[in-house]
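Worksheet: one structure, shown below.
Think of it as A, B, C and D in the order they're written, each chain with its own count starting at 1.
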Amino acid sequence: NYSSKGYTSSQIFVPYSVFKGKAALSLSPRLPTFTKLASGAVVIDRRGTMMMTFVPALGERKYDWEKKQRFALSATEVGSLISMGSTGSCEFFHDPAMLSSNAGQVRKSLSIKPHADSSGYFMSLSVVNNILKTKEYLSVPVTTAEFAVMKTACSFALPHIMGWDRLTQDQSGGMHGQ
Amino acid sequence: NYSSKGYTSSQIFVPYSVFKGKAALSLSPRLPTFTKLASGAVVIDRRGTMMMTFVPALGERKYDWEKKQRFALSATEVGSLISMGSTGSCEFFHDPAMLSSNAGQVRKSLSIKPHADSSGYFMSLSVVNNILKTKEYLSVPVTTAEFAVMKTACSFALPHIMGWDRLTQDQSGGMHGQ
Amino acid sequence: NYSSKGYTSSQIFVPYSVFKGKAALSLSPRLPTFTKLASGAVVIDRRGTMMMTFVPALGERKYDWEKKQRFALSATEVGSLISMGSTGSCEFFHDPAMLSSNAGQVRKSLSIKPHADSSGYFMSLSVVNNILKTKEYLSVPVTTAEFAVMKTACSFALPHIMGWDRLTQDQSGGMHGQ
Amino acid sequence: NYSSKGYTSSQIFVPYSVFKGKAALSLSPRLPTFTKLASGAVVIDRRGTMMMTFVPALGERKYDWEKKQRFALSATEVGSLISMGSTGSCEFFHDPAMLSSNAGQVRKSLSIKPHADSSGYFMSLSVVNNILKTKEYLSVPVTTAEFAVMKTACSFALPHIMGWDRLTQDQSGGMHGQ
C-alpha cells in the first residue's frame, strides 16, 4: 500500500520535552488521517490527538524509555488545557480498552494542577491496570514559561489535529476564471 | 465547467461536532470563492462563512440528519463569538430570503448564552417559517473546553473565511532578482 | 521586467470593510517585497503595511471612492491596535512628504477612541493639506465584533507584513540527508 | 555538501528592529535543522531559537555593528516572553562556553523589566567576559506597541522554532485512497 508507506516515511518527530528530576514529559501532535472518496471529496478518517508521553527517571539526566506511559489528548481536552487560567486545574479519564471486553480494566487519568504559589503546574499521569495488577504514577513539575510554550504550541496544533489546516492546501480551490 | 468541478472534488469535510442528549452541533468553515480578472488580479467572489449545523436527537446517540438546520456565521459574527468573555452572550438574526419576495417570511436566530454557573454555554437556533407554519428550536449545551476549541478553531479559520490566507499563496509574489 | 509584472498580476484584493452612515472603512494588508542577492540570500526590500481606506458616503449605501483617503499602518502601529484594551485609545501621525521639500505640508492623523459605553470604537482619519488648503475628516463607528475581526485579522497578517511567513516557504530548508 | 549549500542560499533576513538613542535591538528567528534517517523518518537536529541582537549607537541614527552582542532565546525562554503580563519581568542567563573548558568564563544575562509607569519595557543585555576582561551592557527601551509586535511575532514564530510547522508540509501525508 503506497499511501500508508508514504505516510510512514514522512513522519516527523518534533516533541516538546521537559526533563525534570523524577520524570520527563514530552508533547507531540499526531495528525489525523483522511480518506478520499470516489466522488473526490475528502473525509476525516482517524482524528488527530496531542500525545503526552511521561518517562520515569533512572538517575541524573537518564530516563527509562521502556517504562514510558502515554495519554492522547483529544481536541476538546486540548481546548481545556489552552483555556486554563493561572489558578485553574483539570483532570481527564481515559479507558484504552473502551468498547472491548476489557473495558474498565485499565484506567488512565491525567491531571493538571497549579502550584500553590502560582509558579507553575504539576502534570501527572496515573495508570491503574487491574489485569496486570499494576499502578503507575508519574508527575512532572512544569514552570509557567514551559506551560506557556505548551499552550501556544497546542493552540497552533489544534486546527491541525482537527484537520482544519487542510482547508487551504488545495491552492486552486474556489478559483474561477472570468 | 472545469473550475467548479475542480472545486467540488477538492472539498474537505472536517467538522468539529459536539453530540449531546437533545441535539448535536457541528461547526465547519466554508471558504470564499474568487474570480480571476482579465488583468490577472484576483477578487473575492462569494464571502466565506462558518457554517453551524444543528441536528435533533432521535434517540440515544442517534441524530435525525433529515431535520438539520443551518446558520452561516459571517466574518463579523465570528468576531462576536471569539471576543465573548465568560459571562457574555450574543444573538444573531438572519433572513434567508432577504431581498427576495419572501423577505420576512423565514426568521432564523442564533443565540449563545452562558450557563448561570459559568460552566459553559447554551448555543440555540430558532427557525420560524411563516410559509410552512413551522417553528423549530434546537439547543445544545457546550462546555467551557468545547467552547475554547470553537474559539481557537474560529480564530484560526477567520482569516481563511476572509480570504486573507491567499495573501501568501503565490510564493514568488513580490520577489525581485538583483 | 518580468518580476514586477508577475507581482502585479498576482495581487489579491480581499479587504475587510465596514459600511456605515457617513463613511466606510476598509482594511487590506500590503505585503513586503524582497530582493534576492547574488549570494542567494533574500532580504526585505519594502516593508509591508496594513492599508486603511476611508471613503465618505454619497447617500444611502453609496460611497464616493474618488474622495477616499488612505493611511498605511506600520508593523509597530498594528502592534498598538492589537494590544488595545476595551477602554484604550491610540493616535498615529504620518507625513506623506517626510524627507522631501514638502515635509510638514500634509499632516495625516488616525485616531481610535472607545465609545463611552464600551460598545465599540470610533476610527477617524484627519488629513490637513496646507498646499491645497484642504482639511478632510472621516470617522467610522466600529462595533466590538467588527473590532475583534480587525484585531484577529491584523494579528494573523502581522507576521506576513513583517515577512516572517517567508521563513517556512522553502520546504527543503535546513534538511540534511544522513 | 549540497544540502548545506542549499540551506545557506535560501536564508531569509527579516529582522524586527527597534532603533533607539543608545542602542538598537533586532529580533530574528533561527529555524531548526532536521536530519532524514535511513528509514525515511525525519528528526530534529539543532533546535531553533529567537536571536536577539543588540547594537550600540555610534551617533545619531548610526550603530556600530562591529560591537553587536547576541542572545539566542530557547523555545522555553520565548514562552516566558510571550506570557509576560504588563507588570512582569524576567531574566535569563547563558554561558556560551558551557560544557567546554572555558565554562563559567563568559556570562551573558538578558533582562526584561517594565517601566515604572507601565508605558513599556527595558530590554537589556549584559556580557561579562573574564578571559578578555571586558564587561558590556546594552539597554533598549521598548514601547508597549513594539512589545506587542514582539509577542505576536514570537507567538507566530514559536511553532516554527520548535519545528511543529513541519507537521503539515507534506501535503499527501495521511491520505488514503478508497
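The rule is simple: a residue touches a chain if its C-beta (ideal position, glycine included) is under 8 Å from a C-beta of that chain, and two chains touch if they have at least 3 such contacts.
Computed from a predicted model, the values in this text were never measured in an experiment.
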Can we say the copies chain A and chain B touch using the same residue numbers, with more than half in common, or are the two sides different?
different
Any idea how many Å lie between the Cα centroids of chain B and chain C?
27
Indicate the residues of chain D shared as contacts by at least two other chains.
32, 34, 42
So that we know how the chains sit together, what is the shape of their touch graph: line, ring, star, complete or other?
ring
Which residues of chain A touch chain B in the complex?
32, 34, 39-44, 75-80, 82-83, 90, 155, 158-159, 162-164, 166-168, 170-178
Can you list the chain D residues touching chain C in their complex?
3-4, 6-14, 16, 18, 29, 31-38, 42, 45, 143-149, 152-153, 156-157, 160, 165, 169
